[in-house]
Structures are given as C-alpha cells and as structure tokens.
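Only one structure is covered here, and it is reproduced in the block below.
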Amino acid sequence: MRAFEYASPTTKEQAVELLTKSPGEAAVLAGGTDLLALMKDDVIAPRRVVDIGGLEELRGIRLEGGRGLRLGALATFEELLDHAEVKKSYPALWTAVEGVTSPQVRNVGTVGGDLCQRPRCWYYRSGLGLLAQDGGRSLVTDGDNRYHAILGGGPAYFVSPSSLGPALVALGATVRVFGPKGARSLPVEAFFRTPKASGERENALAAGEIVTEVQVPVPAGPNATYEVREREALDWPLATASVALKMGGSTVQSARVVLGHVAPVPWLSAEAAAALAGKAVTEATAQAAGDAAVKAAKPLSGNGYKVQLARVAVKRAVLAAAGGGAR
Amino acid sequence: MKDDDGTGEGVSRRTFLKTSGVPLAAAPVLLRTRVVRAAGDGVEIHGPGKASFTLNVNGRPRPVEVEPRVTLLEALRHDLDTTGAKRVCDRGTCGACTVLLDGKPVYACSILAIQARGRKVTTVESLAGEGALHPLQQAFVDHDGQQCGFCTPGFVVACKALLDKHPDPTPDDIRRGLGGNLCRCGTYVGVHAAVLQAAKGGHRG
Amino acid sequence: MAEYKWPEAGKRTLIGTRISRLDGPDKVSGRAKYTYDVSRPGLLFGKIVRSPYAHSKVVSVDTSAAEAMPGVKAVLVIQGPGTEVQWAGDEIVALAAVDEPTAEDAARAVKVQYEKLPHVVDDYDVKAAGAAAKPMAEQTQGEPDKAFAEAEVVSEGEYGSTVMTHCCLEAHGAISEWENDKSLLVHISTQNVSGIAGQMAGPLGIPAGDIRVKMDHIGGGFGSKFGPDRWTIVAAQLSKKAGGKPVKIMLERDAEQTIAGTRPSAYGRVKLGAKKDGTLTAWHSETWGSGGIGGGGRVPLPYVLEIPHRRSLHTAVATNVGSSRAWRAPNHPQACVLTMGAFEDLAAKLQRDPYDLLMQNIAMTGVRSSIYKEELEVANDLMGWKKSWHPRGDKTAGPVKRGLGLAIHTWGGRGHDSAGDLTLQPDGSVELKMGTQDLGTGTRTAITIVVADTLGLPMEAVRLRIGDTLYPPSGGSGGSTTIGGVSAASRRGSLDLLDQLFAKVAPALGVEPGALEAVGGRVRVKGDPGQSLSWAEAAGKLGGIPLTVRGTNPGPGDLINSGVGGVQMADVSVDVETGRVRVNKLVAVQDCGLVISLKTAESQCYGALIMGISYALYEERVMDPISGRMLNPNMEFYKLAGLADIGELVVRMMTGKGYDERGVIGLGEPPVISPGASISNAVANAIGVRVPQIPLTPRRVLSALEGRRA
C-alpha cells in the first residue's frame, strides 16, 4: 500500500469538502474491506483517504411507516441480518445479506460500501482497468472469463459485485447521494452503469459525491433472492436472481426480475417480467421466466455455464417468492 | 519545514515534532498531523507520515506511532508484539487475523490501525485467564480443533464471537458465523465439536 | 540388553490412547510462536521484486532510486541483465529496509526492463504446447495389445486433476542474521530443520556447521517446505550487506500462491479391458500433465491395481509457471483419480456394483489384498454402501441426485533417520532433544507419549525440545516418515536409558537389572511391586551425574514398517440444475500399523478428508493464457473448503491384532489420496456421466451434463 493522508470527518459536508479539495486522488473509506484490498494491490493509490465511518447521520436502519425502509449508507450487513422486519418483509434483501457468510465482512460491510465496491474481475484487480484491454484487445474475451458477464457485456465484461444491488433494484429502491452540489436521489438501477470507454466508472457518482442512504419502498408483494454459490464459506455468487412480485389474486400482476453477477450491472430483465405478467406462478412459468431472462445472453468462451445458472436462479427465486421453492 | 502537499485549504496547520514514545534514546520522529478547515470545522489530517495515537488493546491503552496506511493487524503484530492474529490472505478472506472490535469479529488486515482509535480491540491473547484457558479454548484442545495452528487464533476469536451472539447456535448460525475463517490442515471437525462443547449447555453432536 | 519392541497391548499406558496435543494450549491462546511471529532486535524487512512475465529476458535493472531511499539498508540484484526468466513471480531484486512500508516503497522504486519471450502456461492443450510437450518413454508390462484384442468388455474415458497449490497459511519465509561475520542464525518455516543448513552452506560459502536453524511452530508445509529456497539465501545475503542485522523475508500471499508450490496436473485417456465376468485384464493410458518448466506430471499407473497387461504413455508439458513441489502424497491423488475413475466407469459399463467388482479383483491389489478386503467390508458397514448403492444415474425425481463412489490407495511411510538425546537428571527430570519438527501432525505429542509410556512416567514428566540444529538430526517431515522415525528413536533411547538406570538401581533393590521395570512413576521389581523406588529416588542412584543416551532410527529391533492400504467411500448430492456438488458423507478406513497418538492420528485423517473435499470440489490454479500470470493468487478465487462445506466425516483406524504387530507406519499422506477419486466416482454415480476433471465445479459438472444432452 502506498502512503496516504487520512481524515475522519464527522459530517457529510466535511467529508465532501475533504474529498473535493484533496491534493490528489481521494478515496472514501467506509468498512474498508474493498478499499484496502484495492490499495494493497495498487489498483488505486489515493493521496487522501476520507474515512466516513464517523458520519453518525449515515448510520442505522429505520422503518418509515408507509415509506418503507431507510438504510443509512453505513448500516452494516450484520444489522440487516439481525433486523426482524427486513427478514420478514424484505426477504429478497435479507437472503442477499445472508449469503455473505462471513461475520467479519458483515460487521464492517456497509450498504453504501456494497453499492460502491469495485468489481472483482481478476484483470481489473491486476491493474488493467475496468475494460481489461491491452491495445484495444479484451483480455477477458481472449483470456479466462469463467466468472465474467454473459449479459450486457462489451467492451466491459466484469460483473457487478454488489450483493444488495439486485435485491434493491427488484424492490424499486432509490439511492440518495450527497456531493458538492448538494443531495440528489436516483433509482438504484440508474446508480449502476456499464462503462463504455476507459476512464468511465461503473456507477453514477460524480466527483466528491458519497452515498448517504437507500430508500426501499414497502414491497408490493412477495419477493425473494436465490444465489448460486460454490461454497458455504465466504464466496462470491456465480449467479443470483432477485424477484419482486405484485400479485392480483393468484396471478402475477407485475414483476421485477433482476439478475446478479452475470452482467456489469444488476440486470433488470424486462423479458422475465413479461413472461410472468398475468400468469400464475408455477414451475412452468418460473422456468419460462428463467428462459426469458437469459434469452439475450451472450456467453464468452468459458462462462456458458452461467447461462444455465442464471436461468435456474430466476426460476428458483420466482418459486421462492411465491412460497413454492426451497432456498 | 516545508508543507509539500499544500492543499490551500488549511487555516490552522500544525506540525508536531515529538520524541518517539518507547525507546528513550530514539531520534525524534516527525509526526504529521495537521488541521484543515472543512465545511466550517477543523478536521485533523494525519499522515502520510507517522501519526501518533492510542489503541485500546485488551483493555489497555497502547500508544502507537504508525503511518495511516498501517493496518490494525500490522500495528498489533509489529508495533505491539501481539502476534496471535496472523496475516495469511491479507485481503479479508481467510479469517486468520480475526480480532474483536467493540466486541464484534472483524478482519484486522482490512482495517487501518488509525480507524481503530477510540474502539476496543480484543485479541486472542486476552481470552485465557491466569493459568487457565477460556472454556472455548479448552474445548479446542479437547477436540483437537487445531493442527498446524496458524488459523487457530482467528478461529478461536470467531467462535468466541459466534457464541457471544448465539450462546446456543443453530447449524445456520454456525454456517453464517464461521464462514469467514479458513483452515488448510482441515480442523473443521474439531472446531465444530469445540463450538458445541463450549455452547450453552455444552451439548455434543 | 533391552529388547527393542513395542509394549504389548495390555501394557501400553499412553501409546494408542487419545491424548490432547501438547502444544494445543499454546496454539489456542496465540502464544505459539511461528517463524512469521519471530521478531529480532534491529529487524529489517525484506521485499522481493518479481518478474511480471511468464517468460522473459532481463534487459536492465536500476536500483538507484531504491538505494537512495531513507531506511533502505541493503539491495541485491538476484537475476541481472541477460538472465532468462522462466515464470512470472521469479525473483529479480531483493532489498531490506527498516520497516515493511519502506521496503514496499523501495521495491516499487526498482526499475526493471524485460524483453518478453513466448510462453506456455496451458498444461491441458498438448497440441498448442508444441515443442514444450515431450513424450516420455512408454511403460509396458505383459501383452496389452493381445489382452485388449481378447477383452470382452472395454471401457474408455477421460480423467484428470488440474494444478493446485499448497496454499500454506503461513507463507514460506525466514529470518536470517549473522551473529558475527562467520555464523548464521536462521529462523525458518520448514519441514526440514536438520536439513536446511546443508542446503544453505554451498550458496553462502560457509560450513553447514556454522549455520544454526531454529523453528518452534510451522503454519503448514504439505511438502512445499523442505529447502531454504532462494529467498532465504537472499535474506542471509541481505543481512550480511546490512552488517548482520536480521532480515525477514516472508512471501506475500500472491507469491506464495504463484511460486511456492503446486501439485502437478495429470490428465489422461484410459482404456480398461476386462472379461465379461469382470476380471480386469488390460490397461492402456495416454496421459499428460505439467509440474512446471521441468515438465513432469507422470504418475504411477495403473494405481494399486496390478492389472496384468498394461501400457502407459505420458507426455510431459513444460510450462512457464512456478515449479511443482511434493504435495502431500506426491502423484498418488492424481494416479488414484485416473485409475479409480476408469475402474468405476468399467463397473458401470459392466452394470456391476464397483464394490463387488473390486472385491472380485482384490487379488490385484497385491500383498495387502486381505487388508483392503477387510477395509472394504468395514467401509461398507460405515457407509451402508450395499443398502444405498444404485446403478449409475440417480433416477429419482427432482434436481438433486445422490450417488456413492469409492476409491482405494496405498502409501509407504517408513520412518526416516532420526536421533534424539534423552537425558535423565539426578533429580529425576527427563528431557529429550531431537532436531525434528512438528508440522501440526502431533509429533511433539507422539514423541512424548513414547518416552513417557516407556519410562512409566506421566506426560508432564517429559520435557521435549525440538526444532533446533543444536539437537541431534532428524529427517525432514515428508512422505509420512516422521512418526516412524521419531517414535522408534525415542523408544530405543528410552529403553536404553532404562537399561542403564536399572544397572545403577539394581544393587539398591538387591536384584539383577533385568528383574526391574519402570511402571507408574516407580522403578520396581517385576512380580514384586512392593520392592520399588520412586523415579526420583532411582535417579538419585546416578551418582549426581546426568545420564544421557542417544536413541536412533534405524536401530535394533523391528519397531517400524512400511506400506498401508486405505479405502474411502463418498456419498454426494449433485444439483443437476446448478452443477453444485455437496459431500454428504465421507468414510475413511485406514491402517497405519501401531498407532502411537490416536487423537492426533484421527485428526490427520479428518484433515486429509477435508483437504480432499477441498481439492475435489474447489481448488484450482487459474492461469491467464495471455499474460501467463496466475489469475487467482489469493484465497478469494483460489478456494478452500470452509467449515460448512464438508458434510459428515467418518474415520476408522484399523488397529489392534493383525495391525499393531507391524509396528509404526506413517499416516500423513494416505488418507488424502482417495477423496478426489471417491467423490468424482460418487458424482458419476449420481448424475450418470463422468465429469472428466477435478475440481468438480458447477462449470465442469454442467458441461459434462450438457455433453450428455448434446
């Protein structure tokens, strides 16, 4: 890790000013699990690290009656795991949290940090950038891409590492950010972006902006997440799906189906939603939703298996949401 | 002395010159802490050189002088000679560096020492009392929950945290509570049995 | 003259019992000091600049900026301009500085220019490897061509095991310091305390006797820590440059994963011929694999089963990667995967239960066939094999399919050369000094058990010192050779000590020395226990001078042996929609002669099964074909099994009559051999198709299932 200077402000205004007036690149430190690894691997080398852990206003999980759930950017995974209402009414979110089987990560991992963490793509982590290109050639397509994107790829093929992203998108959450120009809100699906050129980021944060909170509306109906991971020990999912259904009697009025770890962003699948609309949830309709979700998939040389994993994740998430499927 | 990283923002810059703490004969060390104004308030900026602060380790105040880039793990091991926690993956995956921060298990490799100011750091060294192991440690010995033992301190701390939170853990609690620790020798059978023995009621199974 | 044999079953007080490991309290409390924990006055931290390219030539090296940095005390160019570097991660420059951050900064300031050269890192694609793939001599016995022509059933398939790493939790490394210009003190993480000095002497140009090597505890070795390695030599050279100050070089995790040890790959197409009744007749294998730039990758085939007519062809693929090292039971796990996989596929083709087929062919396991037979029967009971086995392909509804698989293995495990000095002080205290090491296998505990049991003392009465070249030499701990070596040396030494003590004590008790025995902390007359002296009183007869005897292995008497057989059975569930495999239960039945320390012996078996599950399901080194670098030199994507990934493990040690009489045989390697094959076979039994390579990741399982559909 290269040397840097460190500040620990106590308000978001201080934090933003410290970030914008940094003598060089500045980085936001929340839980630290990702930032420290990036610095140790020399992927980033900030001159200044702004520790926002002391911003009390960013803490906590609050139930706000009809407005749903307010997650402070510093709310931890462990707090989410222990939150009875999250478990009861937001199972899509809770299951995504539960998939992080390391309490050491859950105790420091924050909502904001989860949204802002950088991709795990091994080419990116080797310092080759988000597009992992060398003289215009993609190292991902020509190299080992077993964990890379099957949807939405090109020229970037990393997968969004966010654990909460798919569930938050499925639940229609909005993210609130604060920066030099004040506060703004945007839907979580608009927060994540696929960089199209080198230098572009994978999220919508402008310079000096930090995530302050996430608002999750009261779910319109049943919701669930299904994750395919190789191990029970701390492990990144190979594919996940989060599903939020709005039911009219026994049929699905509308659905939001979001795939995780298969695209550079949490992948909101209109095709899967369409496959479910107006149908009762059965094994067959769930399967159809899974098939629809991966219809546009373009697997690379070594990740064709992820098409099947995404398909089955959607099917199982749909069934789990409807109460018919096992975890 | 010259402030070569001038941000143009400082209003009350201070540069401390202190004598290094422990070895009396040591040369004076330049400690870089200054205050800048941000959003109308003074905010301390530490580093990039060594900063001086105090950690609370196992109930004792422990002054350290380290650069902001030094992790809690390295400060514990190099500066405080508390070597129970190990550096293995150094990327927050394997759990060998697990310590408690305000009672909760964390990866000491993934927290800066300076972040731990004002918080209670508990390491494996604090578990055993005078001449007697903690019942959980004794359970590790009884069930041979260690071979080479390099992952063991981290496992012991993680198990302690698990049992603090779930005195009678379910299989799901164990799965979620110990998924952040890895062992190469394969001691999981012994670790699992040790957790059950040390659990409330000390049942076996 | 003592009779050099083990005590009979009824007379063992400690041997073969479950005793908690002696260093357990130190390990659970964080007190145990590993090389990595050792701090020395004035310690400097070493860092190494490594080649980023898989194959290159060093063009220029500029260390001036690093040397000019405050706090940098020594810089050494290891491979200078003109050197051809054969793998990414190889050492180019080393330096030492006052603290780790400074050393890191300095390493970054070193400028090295390389000329990139073409590389091969793909060990599977033999064609693409071109000239790097070299056929090795054919191995043939009997008349395989004729046997295949006459075979009534022939099964063919592809099997294999990818490259994996040792992934020791304590990285390789050492602290070297010159105590004056002539003698060197080395704290090193090693499996070979007594053997390190001899390997450092040449490169450093000093007599081995001037090098003292120490180690208390080691955080894993698994076959990768027998030598000092270049970085330890370099640490000594840096120390010299820095005026003798201690220099610590422990590998970073990425270097540990990249260059400090791998298990070679082995892939192969195997043809197995049999008669209609199931009698195995012919073997033909064409294998390939790589252990690094030296090629290699050949494993003994067919494994365990001495099929009468056989031919093995092998192509060694030289790859630009860090070299392989002995990995717990070198070559056997791969050979087991290749052989037992082919055997299981033949059984499926014959529509036979592999258990029955193996029993039918059990004579082909050779001299240990009766042991294998008994072990198979025990394993059958423990697994309920005959009750739950089904023909290939679980036909039950739903995506989760269950299956059973089995495998057998063998290992030698004869004790290595070992010596220990056992001293009895006039106050009765007992101390054994032996230059061995405890890898976490329980060596300390086992030695103490032998000495205490032999001398009739409690464990606490024996003080053991190991891990230092000041003590008599003991072999490297590898190949399951330690327990035989140290236990035999300890037993002989203890018996000799008793002999000499009895000679001194006998007059006081008015009997011949041969009439004495040491039991329960007393020296007493056999058959007349009332006539006795306490241990301390007996020691008082030494005449005020300590008594030291040296116990050795080899030595008189048959205390050790070689050759074990083991059987393992796996019960797995496979989700055919996700390709995810879970081990429900793994049964290991293992013999190892006389067991000294039962609790730690069982731990060896549990540990081996867990390691086996880990490599069967998760572990795989991933190389980038373009850059030639390892893509997962970490513990995030180089995946080890966790506590909740292992299922139920059942270990049964074959002990007692018929086993104990053979003497002590090593145990570290054998139980790690079969898990890959038994789990792979169980998956094939569950899903109806063979997944050709381990680890059995969702990617491979789904791909095998796709193949069936296609």
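Note that the chains take the letters A, B and C in the order they are written out, and that residue 1 is the start of every chain.
Following the convention adopted for this analysis, contacts are C-beta pairs under 8 Å (C-beta built on N, C-alpha and C of every residue); 3 or more make two chains touch, one makes a residue touch a chain.
Keep in mind that what you see is a predicted model, and the values were worked out from it rather than measured.
**Student:** Think of each chain as a node with edges to the chains it touches; is that a line, ring, star, complete or other?
**Tutor:** complete
**Student:** Comparing centres built from CA atoms, which chain ends up most distant from chain A?
**Tutor:** C
**Student:** Report the inter-centroid distance (CA atoms only) between chain A and chain C in whole Å.
**Tutor:** 41
**Student:** Just the number, please: Cα centre separation of chain A and chain B in whole Å.
**Tutor:** Centres of chain A and chain B (C-alpha means) sit 28 Å apart.
**Student:** What is the distance, in whole Å, between the centres of chain B and chain C, each centre taken as the mean of its C-alpha atoms?
**Tutor:** Taking the mean C-alpha position of each chain, the two centres sit 32 Å apart.
**Student:** Spell out, as numbers or ranges, the residues of chain A touching 2 or more other chains.
**Tutor:** 1-3, 101, 232-234
**Student:** Find every residue in chain C that makes contact with two or more other chains and list them.
**Tutor:** 101, 636, 640, 642-644
**Student:** Going by the contact rule already set, what residues in chain B reach two or more other chains?
**Tutor:** 67, 69, 90-91, 93, 175, 179, 181-182
**Student:** Report the residues of chain A in contact with chain C in the complex, numbered from low to high.
**Tutor:** Within the complex, chain A touches chain C at residues 1-3, 42, 101, 120, 122-123, 126, 134, 139, 142-144, 146-147, 228, 230-236, 238, 302-305, 308-309, 312.
**Student:** List the residues on chain B that touch chain A in their complex, please.
**Tutor:** Touching chain A from chain B are residues 5-9, 32, 36, 38-41, 43-49, 51, 67-69, 71, 90-93, 95, 98, 101, 104-107, 109-112, 114-115, 158, 161-162, 175-177, 179-182.
**Student:** So in the complex, which bits of chain B are touching chain C?
**Tutor:** 67, 69-70, 74, 77-78, 81-91, 93-94, 96, 123-125, 127-128, 133, 137, 140-142, 144-153, 156, 174-175, 178-179, 181-192
**Student:** Using the touch rule from the top, collect the residues of chain C that touch chain A in their complex.
**Tutor:** For chain C paired with chain A, touching residues are 101, 104-105, 108, 577-580, 617-618, 622-627, 629, 631-632, 636-637, 639-645, 697-699, 702-703.
**Student:** If you look only at chain A, which of its residues touch chain B in the complex?
**Tutor:** It comes out as residues 1-11, 13-18, 21-23, 29, 31-33, 36-37, 39-40, 47-49, 51, 53, 78, 81, 98, 101-105, 107-108, 232-234.
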